Structure formats: structure tokens, C-alpha cells
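Note that the chains are named A, B and C in the order they appear, and that numbering of residues resets to 1 at the start of each chain.
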Amino acid sequence: MLRLVDVVAGYGPIGVLHQISLEVKASEIVCLLGGNAAGKSTTLKAILGLVRPATGSIEFDGQRIDRLPTEEIVRRGIALVPESRRIFARMTVWENLAMGGYTRRANPMQEVTADLERVYTLFPRLRDRAHQHGGTLSGGEQQMLAIGRALMAKPRLLLLDEPSMGLAPVLVEQVFEIIQTINGQGTTVLVVEQNAAVALSIAHRAYVLQGGRMAMQGSAADLLKEDHVRRAYLGED
Amino acid sequence: MLDALGILPQQLVFGLALGCVYGLIALGYTMVYGILLMINFAHGELFTIGAYVGWGVLVWLINAQLGGLHPLWVVPVLLLMAMTVSGVLGVTLERFAYRPLYTRGATRLGPLISAVGASIFLQNAIMLTQGARMKVYMTNLLFPRNWYVHIAGVRISALVMVMISVALSLMWLLNLLVQRTTLGRCMRAVAEDREVAAVMGVNVRQVISLTFLLGSALGGAAGVLVGLYYTQIDFFMGYSAGLKAFTAAVLGGIGNLRGAMLGGLVLGLIESLAVTFLNPAYRDVVAFVVLILVLVFRPTGLLGESVPQSNKV
Amino acid sequence: MPKMDRMLSLAIVLGAIALVAPLVAPNDYVVGVLARICLYATLALGLNVVVGFAGLLDIGYVAFFGIGSYLYAFLASPHFGLHLPFLLALPIVVAGTALFGVLIGAPTLRLGGDYLAIVTLGFGEITYLLLLNLDRPVNITNGPSGIIEIDPPGLLGHVVSGNTQYYYLFLTVLAAALIASRRLQHSRIGWAWQAIREDELAARVMGVNTTVAKLQAFAIGASFAGFAGALLASWQRSVFPENFLFTESINVLAMVIIGGMGSLLGVVLGAIVIVALPELFRDLAAYRLLVFGFALMVLMIFRPQGILAPSRRR
């Protein structure tokens, strides 16, 4: 479904990604691991057109998307749950979700309302707080909102940028359970994470980025057994 | 002192009317700042152009001798024409003078200098095409002098009432748009976090253009109102009006729409009070002193919001 | 460093031309223009300290120019009956203006970019309005009529007269200003300013006393302007509020930007461009500002870093 081939990208003179290639097949959960500044977020930004690859190609459903404007890319069925949530703090929960569904504003009202219902069912706390400003929500609730907002777009591919960041372990488990549920309902998932343990526990396949290069790749099960991964990312010795 | 107290109510009414105008202009500044973190220095000129367009249309209408020139239809026509021209000009300005700059990630200095350049350019363009002498609005042909009411000993002319109601209506409409429509949500989203808004599928460039369109149109409307009320307009009027309106925007909390409206009213009233009790020649100084006081002691303004901290170019 | 050599040779060439310029100038008016260039270049170097070195966007800089001019006028004219000698009045003017620099800079310390610009703009406007209106109730500035019959500079018994002499005086001052700027740039303060310009928070974390450094920038920048103001007053023999409008602030800012912020030679070049070009297009005087405004916009689009981009990486 999504394919990156030899992508080179960066910010101005600073190169971040050096010939990255990865693939996400339909209905999979793929996770992209790596330490700080390995280039994980940049990879997502490249997919979304927020950063333009200098060379290489990015394909979605067989079509090149790396030269398209962001709003066009997103319209094809990709949604993002940004790093640190980045919900609209000055807008209410409902308004955040409405913005999430922006790409579907041409669809009939009932459909969108139904989607809203689905999100509220998945995250009951959001329903309670529907008319509160996003800024007043707790970290965990904001993460729910960020995911719910992305779901409103009914994406075929859901990108998540470090969803575990800043959350208590209990919440992290909850979030990843939800990601599995979403995947079960048919959405392909690409998760970028530093927390390798929990990411690998739900992923089918994984890649490891180091210094902007692809260091390792394989099935989640295989990577969990890899010594290097265990030592570097799982803290085991 | 008693003298001053005597004329105070009248001055307050003037202050209110003036404040409404400041509010309209301030909205233009605050909308653009909210969405681009940029001070559109040329906004004052869009106000001036609105005043000139209104003048031109009024003159044409008078000369065309269409008979019954009733403000009920003339004023909306003036407003419409002025708002359209100012709005389009604002969009053009953004497209050609500003957009190349912030998409390139230039420092904040670049757009500011460009805006100053645009301001100087427009001011002189007006002067060269319209002459350096002032133009006069024949308001008395529209609003006979005997159209006024007395409320609590204060004489409020029909003109002032029209001014205030037009300004308040426009503000109310804008508020409605921003708070209740999808488009308004998009504007707020882009203002808060441009990157994430783009990821939601919002065409950020279009939203920015629209913001300029609306803000500039409001400035143009203010120009017509000022023309009708003060009757004298000149090519330089945008400069001080612009700075004061900017003060109003900052006073209310830059980036905050309600703040701009509130700030405008407050500034108008403060100016009236100052003129009543102090030397009228220092009228303009009052605005700047207020500006500096606000920026130093409460930079977030009355309806203080912290400036958005999201990733912006 | 090839770039340094290029700059140096350019500077030497310009310096040589500058020395002989009045001798080859076609008439006295042109010499007057050259003198004006030197004066404004000095002024622009002062702004360069504030904007170029320290990164503080001051767009009301003309206030200091005006304060300096009027201070000199107070000290050396019939207005208050004081006729201090040039060499005595100068330090007083410079010190006084520097003080204003601190006073105006102090409230801005906590403000960032755009807000700083607006506050300085506000101060600039207030200064102009005060100059214009402080003739009642007590006549301090003589209002719109300005102050006239200011004493010309007297240097060791010789009274400066004629554009050529003024030119060499201003040229000397400009040279001193250039040297001072260079020394400042590479001094401890200069590094502090650069750190603040790049990233104020990081600078503070590294131990730079940003408050003091910023105030120093304002004070030093103001003192350049004060000096230039005194020179203007003694040359024109008169000062009016109209000399110190906001457009002047923009002119000086343009000089700093056109040349490339932080580049000393660039500032001089900018002064030459801004002062000389309108002279070349005298006939089109009415269109001058129009073109100027347009040029600013175009310059920002096509070459925002200025004509002589500074050697440091942005």
C-alpha cells in the first residue's frame, strides 16, 4: 500500500534521511523504531509532504505522492496522529473531531455523524468532554482525541508519531490496544516509536532506523529475538 | 474641570463610534497576525483605499443625479464597493508580496520590511493618482443635520448610529463566520497549528488568502465609515489610523478576534477621555503610550492568550 | 580567506576614492551629497549595532537621531542662549542620547521580534510628537518652527565652513565609526550580541547577561545616532521635527538591510544607494518614494539577505 524507495530528505542543508526504503502492506501494522533524532518523524513528514524528498520516491496505492501538496496526499486516505498530540487546544473536543473529518465534508451528513458516534464509542471520555476546550484535557485524553481526530478522516493508512510519549504505562497499553482494534477493523497502521517493547508487541513487521539509515528490518517476532535490538532498544543484556 | 465633565458624555459617544472603527481595522491586523505571525504594515493603506473608493462612488452617485439619495441604500453600496476593492487588493498583496517570503522561511524581518515597502508604495500610489490634497465626503447630502436623537442629554446623530451599527454588525457577522462555520474552524485551525491543519486536509494557502480578504475588506469598510463621519480624507490617513488600530489589536490581545473588537472600543474611549481632560494635541501620543504600556506590562493583552507556539515557518 | 581579501581591497579602493572625491566632484552640491552620505552611513552603522549585531529590530531609530540633534541645538544656539563649543557639546550629546537609548531599550527587554519593533516604532512616534508639541506650556523644542541659527562646529579655533570641510569632518567620523564597529564586532560584547541574535535562550543558558548586553546595544547604537545628530544640526544649522519622521527610520533600516545585515561595508554601500539614488533621479522626485517602496518589496523577495551577505552562515 505504501512504499518508500531510496528516499533522501532533510531540512535545508541538514540531511536527515539517507536512502530510506520501506514498505507497508495493506492491513499490516508496521512499526518504525529508532532512538532520538534517528529520522523517524522526518520519515512521516516526508510521507505527508511536509518535507520534500530530495531524491527517491514515495508511492501510495501504486501512485507517486512525493510531489503532491499535503492536503492532496491526505485526501487519498492517509491520516496522522502527530507527535505530542498537537490537538487544537483552543477548539473544543467536538470541533477537533470535526476538523478531523474535514476531508469528508462532501460526504452525506449521516456518514460523518456515524463516524463521530464510532469515535465516541471507542473513547467514551471524549463524549463527556465534547464541548470542553482541547487544552483542558489530560495527556491521555488528548492522545485519545488525537487518535479520534485522525479516525474521523476514515483513513486507509493511519500514521502515528510516538503515541506513547509522555503517557503513563497503563495509558500506553490502552492506546496500543486501541491501535490493534483499529487495525482489526481494517485500517493499515504505521507506528513510529521509541518504545520498542510495546510497539513490537502489536506489530507484524518492523524497521529500525539509525542515523537516518535503515539498520534492520524483519518480522516483529524476529526482531524481538535479535540480540542487538534487545540490548539497544529493550534495555536487556 | 467642570467644563470637561460637561462634555464628557458627548465625548464618550464619539469615543464609542471611533472605537468601533478602530475595532474594524484592528480585526484586519489581528486576523493576519493570528494566522501568519506577521504585522501587515500595509493594512492602514487598505483602509485609506477603502475611504477613497467610497468617496469616488459617492461622488459618482451624486453626479449621476439619481434623485433620492437615501443612506439606506447608498451606504451599503459604498461599503460593498470599498470592501471589494480593499479585499481584492489585500489578497493580491499577500499573493505577490508576502507569500514568496514566508514559504521560503525568511526571517521575520523579511515580511515586515516587505510590508513597510508595500505601505510606502501604496501610500504614494494614492498620492500620485489622487493628488496630495484631501478629498471631502459630502455626507450632509446623505445625512441631513437634523437627523438626531437626544438620549440622556447627549445628542446622537443618525450618522453616528449608522456607524456604530454597521461596525457592530460586521463584527458580529465575522464572529459568526469564525465560530460557527466549517470555514471559520479551518481559519482557527490554521491560526493555531498550520502544519496539523494541512494534515487535516485544509488548503492552507486558500485559508490565508481568505483571511486577508476578510481582514482587508473590514479595513475598507472602516475607511468608508471614517470618510462619512470626518468627511475629510487624505492619502496619509492610513498611517496613524493603522498604528492606533494596531494598538487596539495588541491591547485586546493580538490574534484574538474578540480582543480586537474590545481593544478598539477601549482605545476609542481612552482617547476620548484623554482629549477631554488633557491637551487635545496629544491625542495620538495617548495611543502610543497605551501601546507601550500594554506591551511592557501585559503583552498578551486584555483577553490575553499566549501566542501560539506550534511549528510555524 | 579569499572573501576577506576581497572585502579589504574593496574597502581600500573605496577609501582612496573617498579621500579624493571632493577634488574630482563636478560641483559643490555633489560634495554636499557626499557629505550627507558619510553622515547617514555613520547613522546606519549605529543602527547596525542594534539590528545587525544584536538582532534587535528597532524601527524607531530616528528618535535617537532627533534627540541628538535637538540636544546639540539646545547646547549651541540662541534658543536657550547656550553656546557651548563643539568639542564640549559633543560628549554631552552622545552621553545624553545614550541615556535615552537605555531608557527606551529597558522596556523592550522582554519582548520578542515583532513586538520589539512595534514598541520602538511607538517610541519613535512619541519622540516626533514631543518634538513637535513641546512648545507649550513650556517652550522646550520650539514646536514646528524648529530651532535655527545653530552654531557651526569649531575645531581648535577653526570654524568649519563649506561643504568640502564638512565632508572631510564627516568622513573622519565615519572612519572612526567603522573602526569602532569592527572592534565591537570582535569584542566580548560583540560575541554576546551574536549569541543573542542567533538564539537568546541559548545565550542566556550559556551565561550571557542578555539584559546588560541588550542595553549596551541600545546605548551604543543611540550614541552613534546622537553623534550623527549633532553633526547634522551643526551642518544644517537648524533642526525641525520634520527631519525625524518615521520614514527616516525606514531609510536607515533600508541602508542596513540592503548592504546585508552585519556587514560594515554593506552598510556604507547601503547609505550610498539610499542617499545617492534619489539624487540621480531628481526629475522623478515624485516617484521616488513609490519606487523605493516597490524596491523594498522586490528586494525582500529576491535577495532578503542583502546585497553583500554577511560571511557567517545564517
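Here, a residue touches a chain if its C-beta (ideal position, glycine included) is under 8 Å from a C-beta of that chain, and two chains touch if they have at least 3 such contacts.
Predicted, not measured: the structure shown is a model, and the values here were computed from it.
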| item | value |
| --- | --- |
| Other chains in touch with both chain A and chain B | none |
| Farthest chain (mean CA position) relative to chain B | A |
| Chain A and chain B, separation of their C-alpha mean positions in angstrom | 43 |
| Intercentroid distance (Cα basis), chain C paired with chain B, Å | 33 |
| Centre-of-Cα separation between chain C and chain A, whole angstrom | 53 |
| Multi-partner residues of chain A (at least 2 other chains) | none |
| Residue numbers on chain B that touch chain C, as the complex places them | 33, 37-39, 97, 100-101, 104, 106-114, 116-125, 128, 239, 243, 246-247, 250, 279, 281-282, 284-285, 288-289, 291-292, 295-296, 299 |
| Residues of chain A defined as touching chain B within the complex | 48, 50, 69-71, 74-75, 79-80, 82, 86, 88-91, 95, 98-100, 102-103, 105, 149, 153 |
| Chain A-facing residues of chain B, complex | 182, 185-186, 188-189, 192-193, 195-204, 305, 310 |
| Chain B contact footprint on chain C (complex, rising order) | 57, 59, 107-108, 110-111, 113-115, 117-119, 121-123, 125-126, 129-130, 133, 136, 246-247, 250, 253-254, 257, 286-287, 289-290, 292-297, 299-301, 304 |
